[in-house]
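Note that the chains are named A, B, C and D in the order they appear, and that numbering of residues resets to 1 at the start of each chain.
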Amino acid sequence: MIEFSKVKKVYPNGTVALDNVSFYVGDAEFAFIVGASGAGKSTIAKLLLREEKVTAGQLVVNEMHLNDMPDRVVPYYRRQIGMVFQDFRLFPNKTVYENVAFAMQVVGEPARNIRRRVPALLDVVGLSDKLKRFPDELSGGEQQRVALARALANNPKVIIADEPTGNIDPQMSMEIMNLLVKINKNNNKTVLVVTHEKALVDYFQKRVITLSEGHIIGDRIGGMFE
Amino acid sequence: MIEFSKVKKVYPNGTVALDNVSFYVGDAEFAFIVGASGAGKSTIAKLLLREEKVTAGQLVVNEMHLNDMPDRVVPYYRRQIGMVFQDFRLFPNKTVYENVAFAMQVVGEPARNIRRRVPALLDVVGLSDKLKRFPDELSGGEQQRVALARALANNPKVIIADEPTGNIDPQMSMEIMNLLVKINKNNNKTVLVVTHEKALVDYFQKRVITLSEGHIIGDRIGGMFE
Amino acid sequence: MRGYSFRYFLAEGFKGLWRNGFMSLASVAVLTSCLIVLGAFSTLVANINFNLELIGSVNQIVTFLEPELTDEEILAIRDNILAMDNVSDVKYISKEDAYNSEKEKYSEYPELFAKLENDNPYNASLVVTYVNVDQVPTLQYNLNQIDGIYKISYRSDIAAGIRNFKNTVIFVSLWFLILLLLVSLFVIINTINIAIFSRRQEIGIMRYIGATNWFISVPFIIEGVLIGLISAAIAFVVDWNVYRYIESVIGSDIKFIMVMPFSQLMWMLVGSFAVIGFLCGAIGSLISLQRYMKA
Amino acid sequence: MRGYSFRYFLAEGFKGLWRNGFMSLASVAVLTSCLIVLGAFSTLVANINFNLELIGSVNQIVTFLEPELTDEEILAIRDNILAMDNVSDVKYISKEDAYNSEKEKYSEYPELFAKLENDNPYNASLVVTYVNVDQVPTLQYNLNQIDGIYKISYRSDIAAGIRNFKNTVIFVSLWFLILLLLVSLFVIINTINIAIFSRRQEIGIMRYIGATNWFISVPFIIEGVLIGLISAAIAFVVDWNVYRYIESVIGSDIKFIMVMPFSQLMWMLVGSFAVIGFLCGAIGSLISLQRYMKA
């Protein structure tokens, strides 16, 4: 459950990235977030991860008020969220395998489970032959898929994917989006996908939240890219 | 003029990224390069910039043989190529304005010209109100557009854009692609665009070079994404 | 918490060390250099003090005895003095010894001593060697209390000069050692700070995927400790060999300087290097990490 | 090339310094620390040498004169000696002076000197103060050639001891200064190396957009020089104030040590700091950049 109420976000340099943004995404719901470049989509993702704090308004995720969450709780909160960052944020000094495994080590997953699950995840995103590569030995799309695998590693309750197919060909994009839809349906996870790929949004006929210059200008279920 | 003859590229870790790739792009030609993630598209761009050297085969650009180009000539060669990198490669310590201006300072452009041209370029990509921002204060799409502006700064003979719209909404993507087509037509520049956006490729009906696993599997003029 | 194991952290620490090869090397180089200088200077100071101790130990007080004392009385006085605090040795110089030694010193004036041969004007004396120059006044007082001693002679100006000299040397070298230590600590911690600064993005990503502060910190601290211990080991080996080389040179060339045997300094060096290396690595990492540890 | 201007490079250098605030600060901190220690130690060495010179200058040779010489003859001999190389002073001690000083020294034996009163056995002497201990043998030979001098007394053992002591102190402190200098240079260059390593991506991007090596390097080198000069200035101010403080403490407390006036050291410090700061900054940057300068 994600609830934005009258959220405003002003960056230190004075940019108003979001203003009076309110929306509600229920448990196990799937939503696209679309909008022009600079509309505030990534800002929503950053607020949800508490990478940034709201300037005004309320933000509640799974009954937790992010505004007044104590610092020491934040790591535990973040583990409930699987995030695909727009700029990937892979560890340059860790291999593909280690990048995904690290997310599981963080939550204290036993080594046995890690050894089983990581290769399976990397297989799903089509990287099972590149486990030992370092990120700078991967193509752009391959890096993006490692980021996706890492986001899914801990079976998070909420998955937020910021442009998860920005560097990926149409066929693989479709596969990835199908995967996210499947996770949403079968495992009852809440999934938010930021994307600019009209074809995908139109194809899946899911809820579409449209942002423009920090405001919500559209929120339709079974919507199309506009 | 770009000519690949039987080019092979093997990365130090043994990955064969390109094998027996031959194609010719004439002066003032426009071509899309498409293909699955990891097919070798960015490798072609890296070879053209001489960021990487070919393992076997010949690569000639504007009558220059890249294989045996002396190191001291390389900077001057690179100035003839405007490159939009897939990962942007902006200077984190320079503002948007400085990022673009730097490319012109490199070639010794007089300060007067720089002061005139940089704002104009940034206006074209819709960033005229963000001149003083540092890259980490920009959205993903905004960074990508700075990279594009920088690539165009010196009026290069060849423009290579690696996924220039990977983080940009459909409308702005169309504008950018129109810009590149216009530059190709009006200014007689050679333009290579790596992209995975089927809609754009299908719309513009230009030459499409299709890669798969390091091989060229299609090269059609007025082609469609396949 | 389920599977957090020390083995995991240790492995991460080693991996970090290896994968950040350049930074690790640079940190080890700086730490090693600082420790080498510190070690060289502290063994130097130790040797200076050692040699100054040797100078100090020639300080003596001469007590002149009443001429009418018998041999037994003199022996008794001697035992009496030997039993005092701060006295390490008492040597008896008879009238004849005194006369002969003076005669030798003034060999230019043979006629003078010829006249004195049968009328020796010198007194017998006891030369008292003391341990601690600071307690000489007490010793002087005690000696004056003894019957049979009619005068004591103590060149307090020379003694004070030597003491001043020793104190100054010790003062200056200790202060310089402290300066060196502080600057080294500062430089070392600064270097670790830089090394961690260069990995702030990595730390940021860890935080964004839900790692707790201690989970992030432990491998960095282990890495820091490893850097510290490696540096300590290298610095020790270097200082050791240099010391042995200098020892052999000085041992053969400069006779009037005593070089402390390395074995006497070894454990001080090993200990302080290990402690400094360990603490700098650990504390340096800890301090540097603080900055990146807001949620 | 059209518009490359020195102003552009200078501006870039300053900007780099400012925008990489943390790294610049860290580099300045390391460089400053090293320079402070170097400065402190070299002023210390200068003062040690200065004080050792003072010790050296009390060395004297005593020449005993034939008893039958007239005052004019003695004066002639004196002038003769004064004209020699390596002689700074000649002092005449008459028979009476010698007798009185000896009598004073041996006040324990008044009866002895009472007997000698009318038959003074001492000879008049000339005390020759020399400049350079190393040329004493020549001086001794020359003195021996003079008629009217029947004996010269020179405590060559003490002189040799002092000379050995001086040489050892100078030897040890110079070697330590060299060690310190080398380690400082190493640490400083290493730090600049790290600072540039942390910007290797930036350098890579510059190369990819067609910047020539020198165009990339010049701003980095200017940045390095600025860091060097800033550090030199800070280190100078610190060392200066510490020196003045120590000077005032020693000036009042420890009488037997001479502190060199700072003005005598100032230009040496300013000069060497500026040179080290400048060169380290420039050469450090240059060396570090080499690695990223393949096309």
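Rule of thumb we're sticking to: contacts are C-beta pairs under 8 Å (C-beta built on N, C-alpha and C of every residue); 3 or more make two chains touch, one makes a residue touch a chain.
What you see is a predicted model, and the numbers here were worked out from it, not measured in a lab.
Each step here moves to a touching chain, and the least such steps from chain B to chain C number 2.
Among the other chains, the CA centroid farthest from that of chain A is the one of D. Once the centre of each chain is set as its mean CA position, chain A and chain B turn out to be 28 Å apart.
With centres defined as mean CA coordinates, chain D is found 62 Å away from chain B.
Chain C and chain D, compared by their mean Cα positions, are separated by 24 Å. With centres taken as mean Cα positions, chain D sits 67 Å from chain A.
Shown here, the protein chains touch around one cycle, each chain meeting exactly two partners.
Interface note: chains touch in the pairs A-B, A-C, B-D, C-D. Interface residues of chain A facing chain C in the complex, by the touch rule stated above, are 49-51, 71-72, 74-79, 81, 83, 85, 89-93, 102-103, 105-111, 150. Within the complex formed with chain A, the chain C residues making contact are 1-5, 8, 15-16, 19-20, 202, 204-213, 215, 294-295. Looking at the complex, you find that chain C touches chain D at residues 22-23, 26, 29-30, 33-34, 36-37, 40-41, 44, 64, 108-109, 111-112, 115-116, 121-123, 151, 153, 161, 164-165, 168, 172, 176, 179-180, 183, 186-187, 190-191, 193-195, 197-198, 254, 256-257. Residues 11, 13, 15, 34-39, 41-42, 86-87, 133, 137-142, 145, 162-163, 166-173, 196-199, 225 of chain B are the ones that touch chain A when the two sit in their complex.
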